[in-house]
Amino acid sequence: MKKFILDDGRLLSGDHDIEGIAKDLYEEVRDLPIISPHGHVPVAWFAQDLHFANPTSLFITPDHYVTRVLHSQGVPLSALGVNRTDYTDDEARKAFLLLGEHWNAFAGTPMRYWFEDALQRVFGIDEKFGPDTAGRIYDEFDELLASDEFTTRELAKRFNIEFISTTDDPVDDLALHDKVNADEDFPARVAPCFRPDKYLEPARADWPELAAALGAAADVDTTTYEGFHEAMRRRRLYFKEHGAVASDHSHADAGTARLTEEEARTLYAKALKESIDPDDATRLRRHFVNDQARLAQDDGLVMTIHPAVYRNYDHRNFVEYGPDTGADIPDKVDFAAGLRPLLNEYGNNPDFHFVAFTMDETEYSRSLGPLAGFYPALYVGAPWWFIDAPEPILHYFQSTVVAAGFTKLSGFIDDTRALCSIPSRHDMNRRLTARFVAGFVADHRLSLDEGRDIVRAAVRDQPRKVFKLD
Amino acid sequence: MKKFILDDGRLLSGDHDIEGIAKDLYEEVRDLPIISPHGHVPVAWFAQDLHFANPTSLFITPDHYVTRVLHSQGVPLSALGVNRTDYTDDEARKAFLLLGEHWNAFAGTPMRYWFEDALQRVFGIDEKFGPDTAGRIYDEFDELLASDEFTTRELAKRFNIEFISTTDDPVDDLALHDKVNADEDFPARVAPCFRPDKYLEPARADWPELAAALGAAADVDTTTYEGFHEAMRRRRLYFKEHGAVASDHSHADAGTARLTEEEARTLYAKALKESIDPDDATRLRRHFVNDQARLAQDDGLVMTIHPAVYRNYDHRNFVEYGPDTGADIPDKVDFAAGLRPLLNEYGNNPDFHFVAFTMDETEYSRSLGPLAGFYPALYVGAPWWFIDAPEPILHYFQSTVVAAGFTKLSGFIDDTRALCSIPSRHDMNRRLTARFVAGFVADHRLSLDEGRDIVRAAVRDQPRKVFKLD
Amino acid sequence: MKKFILDDGRLLSGDHDIEGIAKDLYEEVRDLPIISPHGHVPVAWFAQDLHFANPTSLFITPDHYVTRVLHSQGVPLSALGVNRTDYTDDEARKAFLLLGEHWNAFAGTPMRYWFEDALQRVFGIDEKFGPDTAGRIYDEFDELLASDEFTTRELAKRFNIEFISTTDDPVDDLALHDKVNADEDFPARVAPCFRPDKYLEPARADWPELAAALGAAADVDTTTYEGFHEAMRRRRLYFKEHGAVASDHSHADAGTARLTEEEARTLYAKALKESIDPDDATRLRRHFVNDQARLAQDDGLVMTIHPAVYRNYDHRNFVEYGPDTGADIPDKVDFAAGLRPLLNEYGNNPDFHFVAFTMDETEYSRSLGPLAGFYPALYVGAPWWFIDAPEPILHYFQSTVVAAGFTKLSGFIDDTRALCSIPSRHDMNRRLTARFVAGFVADHRLSLDEGRDIVRAAVRDQPRKVFKLD
């Protein structure tokens, strides 16, 4: 067996001169602890010491980045364990072989990069993954996962995580967060994140029940708009008291227009009676989003938005497998128009922090860069989801830095539910940050010392500042 | 006369390290036969051994890529022979001199690249083209074209074409295709392509006659929607029986929403009576396009779309010179919204192959990459027309590979009516594919061996797979 | 004190091979005189020999590129002297210290590049600017500005400006332009530019007075549309007689659709009576813009457009500080649809020159490149405002040259009101032009000699041709 060793200079540039500078810059940050201000790893994995059933349940089934590519090769999601309660170990092993068989489909993708990186750096497996080795690697892996060294908590400890956020329902009691943060044996701070999306969508059939559930959690009567608003206020405070630093929001567009208070009351009442029409539901939702920013003026939670995705784009896939199974597709977005009401009202408050993420790369230079280069509250979020990949990350820096500088970027956000990809994603981003800045050093726009300061600030200081971690 | 020799490393990168790797990769594919799954060369050029009247009738008059740039310099299209029946040899020679005179306008464009490449590699002329040499080169050229070595068929043979598709009217009897494919002396397989655009546009004034003509060709009564659909089914099968592998579609948008069967019947009847309004005509057209995908589920023809062009953007140019004379301009397109009905219905069928081409580069990372990274049926078409050029081709790879991998790209499509540009266009693309992959090898994302496999697959295996040529 | 010397190879590429070629090309143009066909420096600065009050009044207060970034760091604009009549020298010095304190916010931005460049090349200050040196540099600077060597006119002379255009109100008598152009001691030709924006916006509350003022200036009764049109015609001619070469236009969109003459008359009358609704006002404005192109067919003024900006995006900022204070944000634009009426009517006239600028980079490859590659009248304007920066400038070349060639670009436009940034901006652009062309030489698409010709033409011949300066 030929050893497969990742090149230490990977991603640092194909140009030798720039690669040399990038290596220097990367050394400044390669070993810094991980700060992960937004992601989707279940808190239970940190609070309880769980074993993964097998490599497939760690690397394939829950990772819609991976399952979607296999699906694009004609592999049915059921074969990968998605939405299966009767999935057997034998099927899990076969799924891993399928991944090997279709490994060429991943060439050039970040999913392959993260997988190979985790394989070697986390699990010490230095064989090249592919059709011929998938079975052997599965077995080796399976053995490691059965040991006590690669439980969920042990993995998290290995990763040198300083801060990590989960994503949580506003009615959650956050007991597991309290548990893990009280646990002196667990080194990372694990913060909840207030994610009220479904409570802000009056067009949902189950919205009246959601409003009632929110009221119950907050001990407030939510049969009026005022009550709903008060319940939100209380739950946000509850989250903050339990360690949250941010609220996160993902809706179909970036709209934030306010209604008059009377309109809000009227539409709220209609929505409760399920007699609101779709346009009014959209207007009420935008008002609700604006309300979240308003509440943030007082409670200080950072507000992050991830708008403009066609969720469950494929209807049959949704019916068969449910949400978050790979059939989400980015939509165009218009931040300048959508955010204008919000930014006009709150954007000049430097104590309010607002981070906008996009998968519509055209918005970086046209809207988000210029907006962040004026509004103290606004930070441009790092490339997200489909564009959390080398070329788009370099493009993001190119498009935003010239308009807004480095200090108005969010720092890296992994936004992942794939635990083992966390160190790989952060390392990828550090390498690319070093590469981008190395380009500026190489063409004499920055000195090497300035480059070092910028890279270190980008990796450590910036996310700590933006997410108010100090 | 100083010899002008194209550098063998052209386009392979300005960075010497990457250029070295790219040369290695390029060697893998430089001599592979040409596969051209979509283009516009007349089948008569392959079926009959024609002489070109002169260099202008080969290189200028029919090539709207060239005439539009000369037009942008103030040269009237009539001087270039466009839409002229009385064009003289003397005028043709003058047009070639005009090309020389304005040669600086082509610096940096692919048109110049293809022209110089063909001049040297196809015709063995190793003098630099320009104002001072245009006359001499014209004469040398003219002599070559008069010989029996540079007829249409001899040119095609030189090019080492394995497969080439023409573009054909659904009512065509395809007799010339049968002739050339029966001809053992002609090495390439020449496939027709089913291109029903005008039959799917009920807003056209001549649409009732087109529907009738389609019916006549299919021997079906097309006075009802059902009859029209059956006629389409039959003509597609006829094309398939005569070697077609694909249908091609170019409309103003990417819409594919279905009507109810009753709506389709009603709007069809209105359209036949020329009483359909523009919005309904658009709705009916989108339904027709969806129908083509439906028919492909049975007959297996690959479906390719080239949407969103303002055809005949300049009204006076259209009146004076007719269609396809350079005044077509790309429009914005929205694939995610437009294709949703089609992909929801047929996108999960791996036996259905659907290729989407765009000139709106923003769609690569926002829509087409993510969509092709989920739907087995969808492949991202290579850059088309104005963006079939080095920088956009590299950008295409950068934007799509990270989301969908190399296996969900269409392979190169030349889409040209300029015969002599075919080898130059394919060679350009091979060089750029090698260059892009070399970048991944240089920054240690792929090994050199993997790079070789990817480049070879991209040039040969991928178009054969996508267009079902095996 | 350690000397800070800008590297002579700055911006010429991080790749050593390309940098070497770029240096060669840059040498061709580094010392050519400046041609500045569009900008906002007040004519008074050339006509009268003014002293700047202090460095802040030169480098910070009037430069919304700089103030917006400081604002994004939480610095109130009032602290920078914006819209202040009571601003003291002491406050000015403090503002300069604030700039030093926040200097890291400018890392990677063109504003930092221009500032450092001007500091060293114009003022001979070779100390690195930053928090520790801002005070010392302010004092050194202040002394220089008090001398007679750094007055407005002396600065302009140092810059080797051959031609510069201001931006002027149609009713301006242009006396200062006459004065400076008659002055043999001042080397540059200073042209006015006809900028009728506000007169073309019938939705403005003050529009009736503006129409009347225009009539008064032109000595024409503007109570009818015909009179208004005649007044425009006369004022354009007046500008031309006083040296203008161009008119410039910036509206919310790129629309140019004509009304019928009767509609124009009717809407004009409504607008005068302040009873025009917003949609009709937009339609009338687009007709007015089309009229400007029509007038240009006779008077020969070059027409430049800078559309699609949300002016005064932030309402409170506008109320407190007025227009042009940094809260302008780019909007999406649709040139293909918007310009179609204008280009269909006038685009084929090679004597009409029309230059379209955009901050929506997506339009370069989708619309402007293809349009300029057909219409003789159209030139693609250089990157503007937020995208007048290295990476977007390279992207502009990449996106447009392959479709339209180098001869259909506008040449560089600084568009600035920051006098001292003029030589730095032009130098930056020359370096980047050399860098872009060097890439084509390095990958063997152009010979070094061709590269030299192209760079020289881009810097000197092209703006002279496009703006009819010969």
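As written, the chain order gives the labels A, B and C, with residue 1 at the start of each chain.
Just so we're on the same page, a residue touches a chain if its C-beta (ideal position, glycine included) is under 8 Å from a C-beta of that chain, and two chains touch if they have at least 3 such contacts.
These numbers come from a predicted model, not from an experiment.
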State the superposition rotation angle between the two copies subunit B and subunit C, fitting on C-alpha atoms only and giving a multiple of 5 degrees from 0 to 180.
120
Between subunit A and subunit B, two touching copies, which fits better, same or different residues at the interface, with half of the numbers shared as the threshold?
different
How far is the middle of subunit A from the middle of subunit B, if each middle is the mean of its Cα atoms, in Å?
40
For subunit B, write out the residues touching at least two other chains, lowest number first.
15, 362
Subunit C - residues contacting subunit A, complex
6-7, 9-16, 19, 68-69, 71-74, 104-110, 113, 310, 313-317, 326-327, 329-332, 359-362, 386-387, 389-392, 395
Residue numbers on subunit B that touch subunit A, as the complex places them:
15, 17-18, 334, 336-337, 340, 343-344, 347-348, 350, 362, 365-367, 369-376, 378, 398-399, 401-408, 438-446, 450, 453-454, 457
